[in-house]
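The structures come next, written out as structure tokens.
In what comes next, chain A is part of two complexes: it sits with chain B in the first one and with chain C in the second one.
Our next item is the complex of A and B:
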């Protein structure tokens, strides 16, 4: 269906920043489902993860309520399961760094962000060309186990800065 | 093995040394608030602790190699009466020790 993705916010990083926020005061609560696109995200420190937190009233929620469940597919070795509960953030990019072409790309679909009576859920489809020079992918998702409405997401590196990349938030037209 | 307090002190110093840090909101690049700096210190301290305590898990998983290669090692160990696979696993564990 043409025109079904409506761009709400886009952050293009061209100078190093420690965190990026999508939504917040730009959040449009008229959608049921949102899509977040991460393109060519690079970091300043080697072998670091890219993390995510939800924004509640435009502030990052740092509470230990993030659960994740993914299958990690690895070009250099066998796959593994990746899961944990009650974390203070959730994992998106995997061990990227300053090596040539090291970057993260991902698509997430966000559910229930405007529903104060339900948990926030997201599916995750992610690929990272890691600092080690190999490809790892994630298929799965995460949930924030608090019944509350949210109005965006924050991204930050485990250590160091996000050097470049494009973060885009879309609403799925009903 | 560093204590959690020692790692937190290291993280605090790293963030102090890295100042100024910026965040991008609404396509504006602005310096962290005091609350942002405090959170960044906590996050980096926790990250260092997690890496020290649990980093060996992923390191071992990657060093073990894929299952097909391990099965191949086990097959030839049976055929040749060798201990290549057992030695390999022991070496990986020794190279990536579990914290006490």
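Our next item is the complex of A and C:
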């Protein structure tokens, strides 16, 4: 969709931070669909997941309303299904750490974030070079099952800090 | 308002070729790229595969390519394919030339120009296999080489191709 991707917010992490937020006070509600790009995300503690929560009125929503359903692609072993309901966050990156080249990259599309009468949905395409030295990735999505408007997303590590990476939020121009 | 999906370069061949390359399409201006192929004619039922070009423009053929691909077929069971230590990324798009041709291939590439990171990518594709039906693929890939890669070379597994256009965009 050339010509339709408009950058709204970007956070470039070059030293350890506990979390990264896209949107919040920088949220632009004039779009129906948003794209989130994660590039070269690294963490400070070995074998930890990268998590996500939505922002409601610029604060992370910690309620147990996150559902996920994905196929996990693995270059070294059998694929698996990843699904659950009523979690307090959703999984994005997979067991990354301080090993050389360990990182998460991903593209997500966000839907209905400005609609107070609908759930917030997202597609997820993610790939991680894990601490264990193999390639795993997610193909699927997640939903936050509360009818409410949201104004962004927050990322944080299961344990430790985000060490580096580029987090970018785009709007898809109508 | 300026767009952040920016066309960089394309390569096209309307005559029969064994490969097609887009040279010098990766640079320091972008970390993430999209490669689009919306049509290829090939002579057999084949995979469309790719390798990266090094800083001198030569294809990297070392056994450093890993991939995991979910093959989604309209006419048979889905297939989970995976392999490590390949000399190319094999499973991009699969199909047969004919009235249906090969439908479309989108590769999103992360960090190809970075000398300090592996090159990662993901694929969504759709093709059509004669005598079968729709052949979709979603995959993840890594070239386990921390080096500067400047371009991409696209080939078919065991066949020539024509009427092919490869377009490269940067995601700024």
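Convention: the second predicted complex is superposed on the first by the 172 of 174 C-alpha atoms of A that agree within 3 Å, B and C clash if a C-alpha of one lies under 4 Å from a C-alpha of the other, contacts with A are read in each partner's own complex, and residues count from 1 in each chain.
Criterion: a contact is a pair of C-beta atoms (placed from the backbone, for glycine too) under 8 Å apart; a residue touches a chain by one contact, two chains touch by 3 or more.
Just so it is clear, the structure is predicted and the values come from calculations on it, not from any experiment.
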Here chain A is shared; do chain B and chain C fit on it together or clash? fit
If we overlay the two complexes on their shared chain A, which of chain B and chain C does A:78 touch? Say first, second, both or neither. both
What is the contact status of A:20 with respect to chain B (first) and chain C (second): first, second, both, or neither? first
Chain B versus chain C as contact partner of A:97, first or second or both or neither: neither
Per the contact definition in the header, classify A:43: touching chain B only (first), chain C only (second), both, or neither. neither
Hey, in the superposed model, what angle do you get at chain A between chain B and chain C, Cα centres, nearest 10 degrees? 100
State whether A:141 touches chain B only (first), chain C only (second), both chains, or neither. neither
Can A:166 be said to touch chain B (first), chain C (second), both, or neither? second
Gap in Å between nearest CA atoms once chain C and chain B share a frame through chain A: 10
Set of chain A residues, in rising order, touched by both chain B and chain C: 76-78
Within the complex, chain A is touched by chain C residues 1, 3-5, 7, 31-32, 66-70, 80, 82-84, 108, 110-111, 114, 117-118, 120, 122, 124, 138-142, 144, 146, 169, 171-172
In the complex, go through chain B and note every residue touching chain A. 14, 18, 21-27, 29, 32, 36, 39-40, 42-44, 46-47, 61-62, 64-68
Could you please specify the touching residues of chain A with respect to chain C in the complex? 1-7, 37, 39-40, 71, 73-79, 101, 103, 105, 107, 125, 127, 129, 134-137, 139, 166, 170, 173
Per the touch rule, the chain A residues reaching chain B in their complex are 9-13, 15-21, 24-26, 60, 62, 76-78, 80, 88-89, 156, 158-161
